[in-house]
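Per-chain residue numbering starts at 1, and chain names A, B, C and D are given in the order in which the chains are listed.
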Amino acid sequence: MILTDSLLDFFLETRKHSEIICEPLEIEDYVVQPVVDVSPPKWHLGHTTWFFEEFILKPHSPDYVQFDEDFSFVFNSYYETVGKRVIRSDRGNLSRPSVKKVYEYRAYVTAGIKKLFSQNQEKNLNTLLEIGIHHEKQHQELLLTDIKYILGNNPLLPAYSNTFQDHPVETHQQDWLGMQAGIYEIGHDSEEFCYDNELGRHKVYLQDYEISNKLVTNEEYIQFIEAGGYGRFDLWHAEGWDWVQQNQIQAPLYWHKVDGEWHHYTAKGLEKVNTHAPLTHVSYFEAFAYAQWKGFRLPTEFEWEAAQSFYPWGKRWEWTESAYLPYPNYQKADGALGEYNGKFMVSQKVLRGGSVATPEKHTRFTYRNFFHPNLRWQFTGIRLAR
Amino acid sequence: MILTDSLLDFFLETRKHSEIICEPLEIEDYVVQPVVDVSPPKWHLGHTTWFFEEFILKPHSPDYVQFDEDFSFVFNSYYETVGKRVIRSDRGNLSRPSVKKVYEYRAYVTAGIKKLFSQNQEKNLNTLLEIGIHHEKQHQELLLTDIKYILGNNPLLPAYSNTFQDHPVETHQQDWLGMQAGIYEIGHDSEEFCYDNELGRHKVYLQDYEISNKLVTNEEYIQFIEAGGYGRFDLWHAEGWDWVQQNQIQAPLYWHKVDGEWHHYTAKGLEKVNTHAPLTHVSYFEAFAYAQWKGFRLPTEFEWEAAQSFYPWGKRWEWTESAYLPYPNYQKADGALGEYNGKFMVSQKVLRGGSVATPEKHTRFTYRNFFHPNLRWQFTGIRLAR
Amino acid sequence: MILTDSLLDFFLETRKHSEIICEPLEIEDYVVQPVVDVSPPKWHLGHTTWFFEEFILKPHSPDYVQFDEDFSFVFNSYYETVGKRVIRSDRGNLSRPSVKKVYEYRAYVTAGIKKLFSQNQEKNLNTLLEIGIHHEKQHQELLLTDIKYILGNNPLLPAYSNTFQDHPVETHQQDWLGMQAGIYEIGHDSEEFCYDNELGRHKVYLQDYEISNKLVTNEEYIQFIEAGGYGRFDLWHAEGWDWVQQNQIQAPLYWHKVDGEWHHYTAKGLEKVNTHAPLTHVSYFEAFAYAQWKGFRLPTEFEWEAAQSFYPWGKRWEWTESAYLPYPNYQKADGALGEYNGKFMVSQKVLRGGSVATPEKHTRFTYRNFFHPNLRWQFTGIRLAR
Amino acid sequence: MILTDSLLDFFLETRKHSEIICEPLEIEDYVVQPVVDVSPPKWHLGHTTWFFEEFILKPHSPDYVQFDEDFSFVFNSYYETVGKRVIRSDRGNLSRPSVKKVYEYRAYVTAGIKKLFSQNQEKNLNTLLEIGIHHEKQHQELLLTDIKYILGNNPLLPAYSNTFQDHPVETHQQDWLGMQAGIYEIGHDSEEFCYDNELGRHKVYLQDYEISNKLVTNEEYIQFIEAGGYGRFDLWHAEGWDWVQQNQIQAPLYWHKVDGEWHHYTAKGLEKVNTHAPLTHVSYFEAFAYAQWKGFRLPTEFEWEAAQSFYPWGKRWEWTESAYLPYPNYQKADGALGEYNGKFMVSQKVLRGGSVATPEKHTRFTYRNFFHPNLRWQFTGIRLAR
């Protein structure tokens, strides 16, 4: 458990970092929602703030005056416990509250937390604050990917930032790491922060397996495209094939063929694809089809965790073969915080690792990310097993 | 035909007026599109500008340099002649070009027109300019109704302006005006501007009829609601009844019952309904059902035009029983301008009159407005006939 | 008004004719509903029977015992007056009542009517019976077109009947009939049966016009196809163009290009298109686009009616430019029968004439048929005007 | 491996049994498809026949003459390898081929198989035949559940059969069976037939757990309903809650409250719910919510298999917490048969056991059934674990 002082610093840094991410934006960029999975940046800024107000300041700070009571349904997400969401407007239709107002809201709540924690050292509150910080960090990653989606689907393809680093290259040779059959321990086991879905450290039995020491590269994936991978139904799940057909998928998200060469939208605008860099922006369906085509498979999340110390990771969220399910003896938290993870444990696939959009100190080797198998606006990648 | 000098003044006033309408907006309000019939204010500002650039400056001003070639698909609407629209993003997803950029675009094109018309006095160009001005005036009306929709569907119900006058009251007694059977002349017949759909002045034979000298008031419509009008399928068209059921319609758009009293969203925010004011924001379906309930009917557009000099009008667009069809000998204009009206002459109903949102000099007694029968975000109203 | 005896004969002939139409069917063909506009033949047989039971036998035959009370919601259509439809199953999902049961129902109700009218000579009941007969005749036309749709969309393309005549050829030369401007009388004006929508004979003023003495042929329409008519948006209404794009329309309904030659599904199965025969199975959108391409237009329903005695008609329902609207002083009938026509008077186009599927004595020159502008499973055709 | 002679008997019995299932049907019942997950009985009869024709007779019987080449796309399902499905008609729209024709097709193919296997004793062909038999048995279960759906959604609620036994009662006391942590062997391990998804017997490590010796009863589930379980979002997955809201789910499938008492549609028609019988026709979402409400959970498929010898099962397919995923070293079969199972291994949940609709010799303790979590037209049930 972090001491209150350094926790407050961690809080303030985190709050600031969300705003740094948004610095390159025009006000208009904060507002739009091109697809339902992407939220307007303004909403992320407000929602992360509302979380601190709703779960810490309102219940635990006796003299706290709510900033604006209407904000609780504007910035609520799925927390059905906290009251009925009155109006069915989609997030992307909400021009108000204005961006300026949202920044005022942020400053107000940040000040409220600062005041409360200057006076208070209760362990229970520290836990809540830590959850709030990590909640905001999760949204920082979404902020980056949602901004990329908003700008990358604008016909003007505007650049986001020339300093954002999204083309890491792994320079080592691809090789297979052999892992021996046996019982492995899986799940979180330290004093540090983790989510409820990582808890319940437990044994799993793994068979012999091999896992790649390197992510699949753009070059390798281009071979799959050129071999007609998107046209061979035998490589795909039935649902994956329907997804390919209905959406006429022919390449990873953001890829455009310009004058016969693959380009993709990046933080710097449209650029030629770097063939040595690890592939990104593929769905689970694509990851699976690629593995089928190569004659290999994706690792399970347990295989990934058991082997993770033997290869570098953290540039791409890596799709696993595992469905997102509760660990044995999983306990969901009481009240609204119990809605955080458990209610999503159906129909989703687990991703492990982290990505170029993951904020510092946010991921760890037991971290379980999860998305529906068709989604690909995160910085997702592929590691093979066999 | 207006002389070039006064036409230029008319042009400049019109350009300015669009921007005056937008003055109360936050930048965020310019961007969103809550439903497909409503366009973002930014788009209206750009699209009306693009019209002048595309149809006047590019073909007729030899030294004109296009502001930004990407804008032609961003701000095109239905003019399929002008080139394929490349990207399928909805208007409400486009955060760029920014509002600032759009205002720069406006200033640039306005200056281009000013320069061209200072040098040029061709009748042909004047006609194009006049069309462009009236096109922008049409969009001014839409700007106001779209802004109302954007703010009126925001859960915060922000006010637009305290000076906008949208509650006109007709103080005279309701009475029936008797009109005699016979041949009447319908359609435009003067030197002044009109649209192609008003042309082809022609004879129609009308039977004896009576038409009300007054619009239906809120009070009268509340009686319909309280008599259960929304629950009696026998008053509705089959399509109207489906619309009521599927959308659970129970009152005009923007109406909310608060503590047992009808309120509605107005330019000033949520206000008590003024029972003496003319009803607005009803669909054709509702207008028809109301007339059925009263034992009367809606006038045809010909009955309306023949009698229009005997009653005041211009506060509400008035639904007529007429379908939007070409007049005899209707000729659509050549090229892209031919797409202006004719291509919409199916499945829509004619509205006559004008409304509190109609800009000055924009409507006239031959003006034919048209919308699908379910729409009600315009300032629509009801005048009865029998 | 027909005397009761000959009316009973007319009734019995009509009842028999519906069953003759169904003779070529397999039991399976009675059940399916490939699209919402098409009803299962079984439903037509039951619904026309239910009409006699509901509106004549139940209210007017004191000792009549209802055949099966569940049938009133199974075979009801849009008559919302008669009681809430309890179960939302689509017609095409109802395997029961069986076809055998439906024929028993028909025989039972036919006998009931026969008994009632042998004893009863009231004018009022005769009127109801006459409506019921014409209602069944309307459904006979739908039976034929729905059967064609069911078989013509089956991949086996089974024949319906080798004796059904659906390829009439007009052998006379195409010419334009000139009609003079003036007042014409429109609407029904005799003792014979008509629907409420034809009543209210009234004057209309028509301008000078010319109308073709011949329907558009397959050959002429093939020229439109070959000239790229389906690819030229300037020929279409905006809604028509959307319909073409979304449904990838490239030819009339039932047309297939086989080895470079146009074939179409007919009652006899797949056959080569007879180029001299009048075109059929086009939507209003196609009719309009074709007329645009030729530089002509469609007639209004008034122009059609005023000129109808100068050309042969009755092989094709002919699309007109007119929207389906009430005539002046239109009165809808009281009670459930009032739902017959008036509630459809929005968003539809009028067709005039009749077709090869129209039963004898069913159409007349004042008859107003109506469908949505995208539909084309009726035997629709094109007559041009200018 | 079964010897050819007894295999042929097994084949003939199986073929006959499909037809016995359909004996109570009217011809009309064979044709309809009320929802996409349910297939018309006619299609099941044809598709299972096509399987033998396509995978055995056509490739392996040199003198075999195809019954009708059009049938290969009419009765194909998801086997994309075998050729493009030409026409997009839904199964429920196909009135032809007639039921009579389908029975002729069955007899023809059955005779073809009989002839081939009288001459041929190749092990390879026996394997294919065995797969075909089990494929037909799978469809027998679907036949029963699809027939129930077709009749149970007909407003007349016709009975299927008075002899079908669908109300088994478990008379023993509910108790918890304690299982010890350790390594268990999972998967098929005998000479008998199984599907590819059961192969790859492997070790799994299970924690200590307890599993109920009895299925949840109707009475227990009624308590959940009466306690407001369908209205408490905290008991449901987010997707489950959306499903409840959108479909207004308030009870298991086929349940109707009549005069204050729960009834359900059964093979005998509408009957009072037997409170002692095991619950059926619930979705995974409902099974999960019920378990949450009781404070327990569903077993994983591994827990189920490890404990299966200690309790009776086979009356209900039992939802497990496990997602449908490949076992370690899963190999899909070559060619079209490889499409059998593997392509569905995403987004589905595993069910274990069997049901009153499962044909004899069709299930076993390693059998893995799988459905999407919202489906409930199978005879699904709940067994709790903790």
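Throughout what follows, contacts are C-beta pairs under 8 Å (C-beta built on N, C-alpha and C of every residue); 3 or more make two chains touch, one makes a residue touch a chain.
Just so you know, these numbers come straight off a predicted model, no measurement behind them.
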Under the touch definition above, the chains in contact with both chain C and chain D are none
Which is it for copies chain A and chain B: same residues on both faces, with over half shared, or different residues? same
Whole-Å gap between the CA centroids of chain A and chain C: 57
How big is the gap, in whole Å, between where the Cα atoms of chain A centre and where those of chain B centre? 45
Using the average of all C-alpha atoms in each chain as its centre, how far is it in Å between chain A and chain D? 37
For chain D, residues contacting two or more additional chains: none
Touch-based graph of the chains, sorted into line, ring, star, complete or other: ring
How do the chains pair up in terms of touching? List each pair. A-B, A-D, B-C, C-D
Show which residues of chain A lie in contact with chain D when the two form their complex. 78, 80-81, 181, 183, 202-205, 207, 209, 233-234, 236-241, 284-285, 288, 297, 321-323, 325-326, 328-329, 338-339, 343-347, 349, 373
Could you pull out which chain C residues touch chain D in their complex? 26-34, 42, 70, 73-74, 86-87, 89-90, 92-99, 150-151, 153-156, 158
